[in-house]
Amino acid sequence: MRPSKRASDQMREVKIQRHVSSHAEGSCMISFGGTKVLCTASVETNLPPWRRGQGLGWVTAEYGMLPRSTGQRMRREATAGKQSGRTQEIQRLIGRSLRAVVDMKALGENQITVDCDVIEADGGTRTASITGAFVAMMDALSWMKERDLVGDNVVSDHLAAISCGIYRGTPVLDLDYDEDSAAETDANFVMTGKGGFVEIQGTAEESPFSADELAQLIGLAQKGVNELVELQKAALKDQ
Amino acid sequence: MRPSKRASDQMREVKIQRHVSSHAEGSCMISFGGTKVLCTASVETNLPPWRRGQGLGWVTAEYGMLPRSTGQRMRREATAGKQSGRTQEIQRLIGRSLRAVVDMKALGENQITVDCDVIEADGGTRTASITGAFVAMMDALSWMKERDLVGDNVVSDHLAAISCGIYRGTPVLDLDYDEDSAAETDANFVMTGKGGFVEIQGTAEESPFSADELAQLIGLAQKGVNELVELQKAALKDQ
Amino acid sequence: MRPSKRASDQMREVKIQRHVSSHAEGSCMISFGGTKVLCTASVETNLPPWRRGQGLGWVTAEYGMLPRSTGQRMRREATAGKQSGRTQEIQRLIGRSLRAVVDMKALGENQITVDCDVIEADGGTRTASITGAFVAMMDALSWMKERDLVGDNVVSDHLAAISCGIYRGTPVLDLDYDEDSAAETDANFVMTGKGGFVEIQGTAEESPFSADELAQLIGLAQKGVNELVELQKAALKDQ
Amino acid sequence: MRPSKRASDQMREVKIQRHVSSHAEGSCMISFGGTKVLCTASVETNLPPWRRGQGLGWVTAEYGMLPRSTGQRMRREATAGKQSGRTQEIQRLIGRSLRAVVDMKALGENQITVDCDVIEADGGTRTASITGAFVAMMDALSWMKERDLVGDNVVSDHLAAISCGIYRGTPVLDLDYDEDSAAETDANFVMTGKGGFVEIQGTAEESPFSADELAQLIGLAQKGVNELVELQKAALKDQ
Amino acid sequence: MRPSKRASDQMREVKIQRHVSSHAEGSCMISFGGTKVLCTASVETNLPPWRRGQGLGWVTAEYGMLPRSTGQRMRREATAGKQSGRTQEIQRLIGRSLRAVVDMKALGENQITVDCDVIEADGGTRTASITGAFVAMMDALSWMKERDLVGDNVVSDHLAAISCGIYRGTPVLDLDYDEDSAAETDANFVMTGKGGFVEIQGTAEESPFSADELAQLIGLAQKGVNELVELQKAALKDQ
Amino acid sequence: MRPSKRASDQMREVKIQRHVSSHAEGSCMISFGGTKVLCTASVETNLPPWRRGQGLGWVTAEYGMLPRSTGQRMRREATAGKQSGRTQEIQRLIGRSLRAVVDMKALGENQITVDCDVIEADGGTRTASITGAFVAMMDALSWMKERDLVGDNVVSDHLAAISCGIYRGTPVLDLDYDEDSAAETDANFVMTGKGGFVEIQGTAEESPFSADELAQLIGLAQKGVNELVELQKAALKDQ
């Protein structure tokens, strides 16, 4: 029995609210249950120096948690003077994932920076960030298209991410914080709308997991990402 | 004529929404027109080392802006590896202001840290932060009182802050970003409910201001803070 | 009664000694009683990148305290690896104040950097710094004029600064360290020779101050700045 | 055809040389073809503060690359003033992997720090590091056992790691640098001697990979880790 | 012919003015011609943690240059966020030199920190710093003796330092900046009053120097240090 | 009697193995007894900005110690976030020494960076680094000559370095760690093949050393460097 009483293959309620920033070219607030992430996509028409002059664009991401997004107040990274290893790992993952569905030639010499700032954390902040970042990026691309900066074909597919894990011996979908901190295995999957894998990360927290358990986690992730892609499509259909 | 068509002594619409964080002991989202700041107050029952063993508490604050809270994306301070001078100035101001109305003996050996994170910026983020931080702190003190950690007498008075400035030769109340970036003089006032001054900062951006203009700014600030204190009282009356 | 036996509106003895640096284009040692600050103004004919190509100059300032300028040795900021928030606040204030009386077009694409290094501290280091920085800058401008780098009209007015405060209930002028550490209210005023306000900062250390007290502090500041401007004029008259 | 002419399921020659450090309690030089990593395990009988007093030990790892271990000289991280995100990711992975096979209670209040320093890099440095780190840790544990600091039962299983990827459409085992920089998909597997998964990371560099391709990569990894574990056993058998 | 017309074995005029700081336990302003260094010695009755509980004291030094102590303004190290390699080298040298004549047991569990801040630089700042630091330390020890914190026997001998070099083929004593920047060889000698060597550093800037030249430099240094020790004695004799 | 039973003028066994790096243009592993340093020389055809456009090349060096190259594990400098003062001193010394025998005009607008990474430390790491760095640089120059980037005349002489010291009252050559940590005086000499001095550094650890002792140390160094240069020549003659 999961602490939240959810079935093993049941995600938390996911909400995506677009146009939440008056400044950003694309933005959404995404929530996976008690996890809330503000995603803003910023368009810049100049590139970092190492990327210039190749006719290719760039997509990158940054991630942060507000100090009191968690049960215990965390130290602010700006005060600490550096981003933690975990923060860097997550923002590298978000950027890499987004780039997997973007045609850099079609983007032209423009850069999109997606900021994912966790307002409230209850597990799964990185998967919520990726799923929301895709939506914010899509809106930024619409903004660019309206200004004839890009055409239609920049993005090749939908992109969403979900966590799974083995909790008390059972593979379950979309871990919340209570499950995450007790799970034997924790895995994150980034997938496309057509079911391709973009990134897969699985970690045994206590005892190793078997090939069979891995197969079950993959199945759960496929179900979860399918649902998330439907929610993205619904959200993006609205004006 | 102000860009926003407001009268010279008219504030923007101010909204205070409490209990917006599921983790923090006190919290509110405060908006001054297009400026939105999330204020969370975190209670800790241990003090920084230099403050221990004196029977006194401590109140401190940190301030941050989300990278795309502004018209142009700003560099994330955690990535830059340090807080800017401006950020440090503002968070020192918020903490100092809050401490001016707190009886440290009544607080006991506890610390309250208020985080003010700017979600959207349209001028006046430091004054909105102080005004919201007071509300979040009050809720944190209620949380402490329910647990018998403090009594009733921790806070001596209300505390709120407002900006004024001289815009195109006219003293005006509560500058928004358009006014702020063009104002000849920019001033911030932190005041108590009873009308005492806690902090006053005035800066001539272009030409010096006169004693008479300063007097007018003071009058505007008094009007503004009175209104803010009423709004705080109304917000705090609700459960 | 003030610890120094001074009358409430009496400043400490102020001395300004010019041409104390063999390298700097302008320099002075300024003392307010036991506070001694070395101010050097350095002329550079190239600008920071963000300022170039606009036909405008730039004036900036840096501030530091020698580790044993104080009663207790302070940690050297270069060893600590960063400037404190207080240091940054003060050097931003000095630069902002100087810029208020400089015509950037008349300065041309040149930069003046004023370094204010506190040799001995006994309260009022920031106001001594501003008052001395103005003199050093004037000498640097004379140096530039001799080389036809600028004309006569770069500076629009004199600039000086003084602190005031409420000490044991009485508004007093020019706080020394003993008064500063016990004052209920501490304020700094930066003013021009013609009496305009360039910057005003007042902080209630313990209990809020009233509008009436603020008015008295303003009066003291006007008297103090008048005297300082006379001293600057006398100092600058000498070869 | 692979650039190295290897069969798709063929690893590079792997060599493990133990006792290469005269100071470290355990050490080995491990090479996977042209990749050479020096692994040293250091025993400390005191723990980091947050771990003390729980009767549990700790295992951690650090990773570095010599500046000219690569084709182009890289900037030295000590000069840059921080470890890159990639370095932090890798050293977190090594430490987490080692901890998965260590019984922290059996280790007692001791810490083992494994340093993995890349002498030459030709792809697969993180998997070589993990495989070598395990050997160095085993020797450190033997050193401890000789001194009655631990018993026999500290480690529950062997641990090794291997990379796989999809290169020109074909799943291949143990990517070298030429393959790695051109691969469509790059994956790393950390597994135990009994075939359990400790960590799995797969990244699509260009186009997403399918569930079927993932299954093939898993099969290759299982073969590779089996071979590595045999090599570890052979190496550890020697005095 | 030296640019300053001095004879090859002639030092610049050296002045030592004691009691220049109102706060420091010992202090002096020392000048070697146009080089001026403020040396302050601070007594602390607590030690750094690693030195405690051994019945031994500690002497350490820090060195800094004011930004405009030089012909071109240098970047302030506190702004740069770190001390340069040169600064660290020099302050390590000063501390090491002072410790060579101090009996740490006789000093007891006290620390003396000597700050050497260069007010004006014209070559030889490190040797002026050491020579002045010794005087400031002696005054700090007198201060301690008056308070019965130490006895008479803390210092075993005088300590002074001088530079020599080979300028246009001729060994010369006490290089000024013009000579230093053109010298073929630059050397610094730290010696005791009895003529023992504490530190010797010689660097060939262009072509290597011979054993014979080295011998001549040593002779010049002995002469210079003798004169400096006489000046120290004279300075310390005064009240 | 020396702990290693060596005669007072006897060096440890020195070995130089060239071509140890598959990437670097020049490289060697050098050992002085138990001290082992990997030296790699990297050729870059672009210069640091401050050196460009003068028709001159540049040679620089960096130094590091692997964390467990020592008896006690040291903190990794990349983790600490900065290089220690000692590291900076040593790498500045290596670079300065190499530059003393290089004709920068003959090198052309190219840079050689020599990395000296200590694999095992047993005293004398800086002198081993310099001696090995010279060999690696020579191989890098051969690599450049083969590509017609430079001619024959870049290097004017051999360069090697050795430590000496006064151990239990006796001047001895080539201190190992046991001697170094107990020596009364520690000195390092960098010399050319023709016997010129490039750098000389002597430090009295406990009691000052005399002019006579210094002369004996110089004699030992001359003998040691002669032997090292012969070993360099032999090593460079091969392949």
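A few comments on the model shown:
Per-chain numbering from 1; labels A, B, C, D, E and F assigned in written order.
Here is the rule we go by: a residue touches a chain if its C-beta (ideal position, glycine included) is under 8 Å from a C-beta of that chain, and two chains touch if they have at least 3 such contacts.
Just so it is clear, the model here is predicted, and its values are computed rather than measured.
The chains that touch chain B as well as chain E are C. Separation of chain B from chain C in touch steps, taking the shortest path, is 1.
Interface residue usage between chain A and chain D, two copies of one sequence, is largely shared: over half of the residue numbers at the contact are used by both copies. Among the remaining chains, the Cα-based centre furthest from that of chain B is the centre of F.
Taking each chain's centre as the mean of its C-alpha atoms, chain C lies 51 Å from chain F. The mean-CA centres of chain E and chain F are about 28 angstrom from one another, to the nearest whole unit. If you average the CA atoms of chain D and of chain F, the two centres end up 33 Å from each other. Residues of chain C in contact with two or more other chains: 82.
Read round the ring from chain E, going to chain F first, the chain order is E, F, D, A, B, C.
By the touch criterion stated above, chain C contacts chain B in their complex at residues 82, 85-86, 88-89, 92, 96, 100, 157, 187, 191-192, 194-204, 206-211, 214, 218, 222. Chain E meets chain C in the complex at residues 21-24, 27, 34, 38, 40, 42, 44, 62, 64, 66-71, 73, 76-83, 87, 113, 115, 117, 119-120.
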